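Notes follow the structure.
Letters are used for the chains, namely A, B and C, taken in the order the chains are written, and counting of residues starts over at 1 for each.
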Amino acid sequence: MLNKFIIVGLALPALLLPGACLAYILFKGLPALSWSFLFSATEGTGFGATSGILAQLLGSLLLALAAILLATPFALGTALYYRLYASKRQQGLLAGLLNMLQSIPPIVFGLFGLIVFVHLLQWGVSLLSGAVILAMVIMPMLVLNSIASLERVPEQYTEAAQSLGLHHSAVIGRVWLVQAWPGILTGQLLGIARALSETAPILFTATVFSGVVWPESIFSPVTTLQTHIFYLAQEGSNQQVIQVAWGSAVVLLGVVAGFALLARCLSNRYEKTQRLGVE
Amino acid sequence: MRHRLFIILSFLFVLVPTVLATDQVRVAGSTTVLPIVAEAAKHYRKLHPGLSLTVSGGGSGVGVASIDQGLIEIGMASRDLTTTEKQRLQGKVRQVAIARDAVAVAVSKAVFDAGVTQLSLAQIAAIYRGEIKNWQQLGGPDRRILVIDKEASRGTRHVFAKVVLGSERARAAGATIITGSNNEEQAAIANSDKAIGMLSHAWLNDAVRAVAVGEANEAVLPTFENVANGRYPIQRQLNLLVSEKSSEIGNTFIDFLLSSKGQQLVQQVGYLPVR
Amino acid sequence: MLRFWLTFSALTTALVIATLLGFLLQASWPLLQSQGLSFVTEPEWYPYEALYGLLPVLVGSFWSIVLALLLAVPTGLAAAILCAELLPGRGRAVLRFSMELMAGIPSVVYGLLGLWLLLPLLESQFDLLTGRSLLAAGLLLALMILPTIMVFSETAIRAVVAEQRQTAMLLGLDWPTRLLRVLLPQAWPGIRIAILLALGRAMGETVAVMLVVGSLDRLPQPLYNLLQPAQTLTSRIGREMAEAAVGSVHWAALIASGLTLALVAMALSLLIQRWR
């Protein structure tokens, strides 16, 4: 079966590389992990020799959560509009626009945010600017996911609710959201995971190198894991700093994977219930 | 229900920091000046616990642009303002020198150990213009020269280009790669066995060595004395750009840097005090 | 009341693109005013001499993306075929899950891998002056888009209806023929989309590329030389974003670069939607 060998041969890099990379990252980064590494915010001397990444961890989480909070109302609203009021034509248009938005590279959103939020609105380099930019980046994904979740609610439920004379808002609140919330929440968790991995758009619009442990207000900048790793990547000779960089990478990976796995567990658990629920 | 709980909890988590900003000092700019400011900030925060003092890099260009746009209170620049910048910032910003520094012409350890310990300004210029391509032509090993240039807006580059190439805006046609911060450049030189680059002398270490600059018998190393007595040609003042409307706390931070304790920190980090 | 809020949300979402393009266009205006569209084909970028050419980065981006696709598509496709057709259930789930996990690795971590693992490797293997090059960028991008190609192609292949496979088998076709003549042609629309999505991701990748490409704003000599440092569109924007004085022509040129990137990405997206 020569052909099978060819296929397996070609596929080998795809099978081996990802695992190898992951293993390498863990190998380099795990030694750096310790209680004080994760949960203190002390700064060492010199460039980047911070010995604790708590500030960065908090910053990343804050930005991601803020982005989700800003994006969710609009995402849900748009998805509900799509299901409830949009005509076929409007649905097509909306879907098209969302797909186009989704394809725009995040750095362009960063540029946009720089022009409008940082300079025009004078918000400066701040948590708010970063959160809005990230919200724009993850919004299409949230909307499309919410629409898909809503569409999975069986027609019979909607028909039954409407035949009972329930108002639109009741149909939504009591039937749709109650049924679709696992799917929607899954989407949000994935959105958080996505927001945690974006670096370029927040580099010059929301983050600084040091000086912030907990932002004083939404108008103050933050430090994040992603940008911290970026700064440290420019270090080449100080072994301790390189160690910190790998450690931060492992932590970031862990957090992102954590949210992704949570989303997966959620969708697995509730998909079965939903399927069983349909007679 | 659980969904709503999640939303409420996140809301609280995010809204907690929504107290309006008090006094904040935002500093950004040159990566050469950054270690001084970062170190001083650590000490300064102990004296003023409630203060919010953030530090960021990006290069002298970022420092100038940011203070021009009012994004920060203090800009860091490892060079003097250009004439166009002075015009634009006239009356809005003043320049305060807090340290002195030499721009070392750094080579990889392997090159230094092989005998290239001194280069004249003309030779360096020829390397950066692409006229000399192999270390052999300079008495070194038979390897091509990895010419490391910096982003055009970096202060270190301005100073280097002015002295070596004649103008701060001069192009380096022989450049192989372009790096950004001092760190990146240091890493690139350290990881190679044939590189040459421009670095603030505080970044020199065992793997990154400075060559003496000048003609064969009067070449000068970038040491503290040679900067102090002016013999080393490629040197500069490290400046802070302060907005005229700066708050009290910003000005006191600068006073701290210029005080004896501050200047002690400057020397600790590896630079020369301003006086 | 409800209707108002829902319509408002939908309208906001719909207008984001228009607002985005509008502001980008407005901020690029100084450049367009002084140089028109000639900056697209100008071969040099040196802001201090008012040269704002896009050509070096267009060529750089082009090569890095093409290289990434050339490397990732055959491998990803082969892995997808393997996963969909040849692996037992357990193995398939494991492989697919690990690929999905890989797809979520932040790009800055790939940057670390590229900088500290890939570059020294390239320097020693190819005896290069420096490992920073379009080759490095292409390899890194290939690694990053591999999961995308694999996951989406696998879905497409598995979606080929059971009937078609059964019919092919009943016809006595052997496996290679089944694969090449039935499965792949049927799955091709889905695979095509997988490739385009991967292309989109490669095009927009900033941080990882910025660290390994060398950032030299020059056309490769000769044009197909991948072993030299160069610059891509995203890398240039990332590096100079914060430095340009707002309102200057330099600023406008950077925004124009971003606008170009956005327009190409949207065109790609339209293509994908048409082909769905």
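As a convention for this text, a contact is a pair of C-beta atoms (placed from the backbone, for glycine too) under 8 Å apart; a residue touches a chain by one contact, two chains touch by 3 or more.
These numbers come from a predicted model, not from an experiment.
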{"item": "Between the pairs A-C and B-C, the one where more C-beta pairs touch", "value": "A-C"}
{"item": "Most remote chain, CA-based centroid, reference being subunit C", "value": "B"}
{"item": "Gap in Å, rounded to a whole number, between the CA centres of subunit B and subunit A", "value": "34"}
{"item": "Between subunit A and subunit C, centroid-to-centroid distance (C-alpha), Å", "value": "19"}
{"item": "Geometric centre distance via CA averages, subunit C-subunit B, whole Å", "value": "34"}
{"item": "Residues within subunit C bordering two or more other chains", "value": "242, 246"}
{"item": "Shared-contact residues (touching 2 or more other chains) in subunit A", "value": "119, 204, 234"}
{"item": "Interface hub residues of subunit B, defined as touching at least two other chains", "value": "58, 69, 180, 188, 191"}
{"item": "Complex interface listing, subunit C residues touching subunit A", "value": "2-3, 5-10, 12-14, 16-17, 20, 23-24, 27, 74-79, 81-82, 86, 95, 98-102, 104-109, 111-113, 115-117, 143, 146-147, 150, 175-176, 179, 200, 203-207, 211, 234, 237-238, 241-242, 246, 254-255, 258-259, 261-262, 265-266, 268-270, 272-273"}
{"item": "Sites on subunit C touched by subunit B in the complex", "value": "46-49, 119-120, 123, 129-130, 132, 214-217, 229, 239-240, 242-246"}
{"item": "Touching residues on subunit B, where the partner in the complex is subunit C", "value": "58-59, 61-62, 64-66, 68-69, 88, 144, 146, 151-153, 169, 171, 175-180, 188, 191-192, 194"}
{"item": "Residues of subunit A that touch subunit C when the two form their complex", "value": "1, 3-4, 7-15, 17-19, 21-22, 24-25, 73-78, 80-82, 84-86, 93-94, 96-112, 114-116, 119, 136, 139, 143, 168-169, 172, 193-194, 196-200, 203-204, 226-227, 229-230, 233-234, 242, 245-246, 249, 252-253, 256-257, 260"}
{"item": "Residues of subunit B touching subunit A in the complex", "value": "2-3, 6-7, 10-11, 13-14, 17-22, 24, 26-28, 31, 34-35, 38-39, 41-42, 52-58, 69-71, 180-184, 186-188, 190-191, 205, 207-208, 269"}
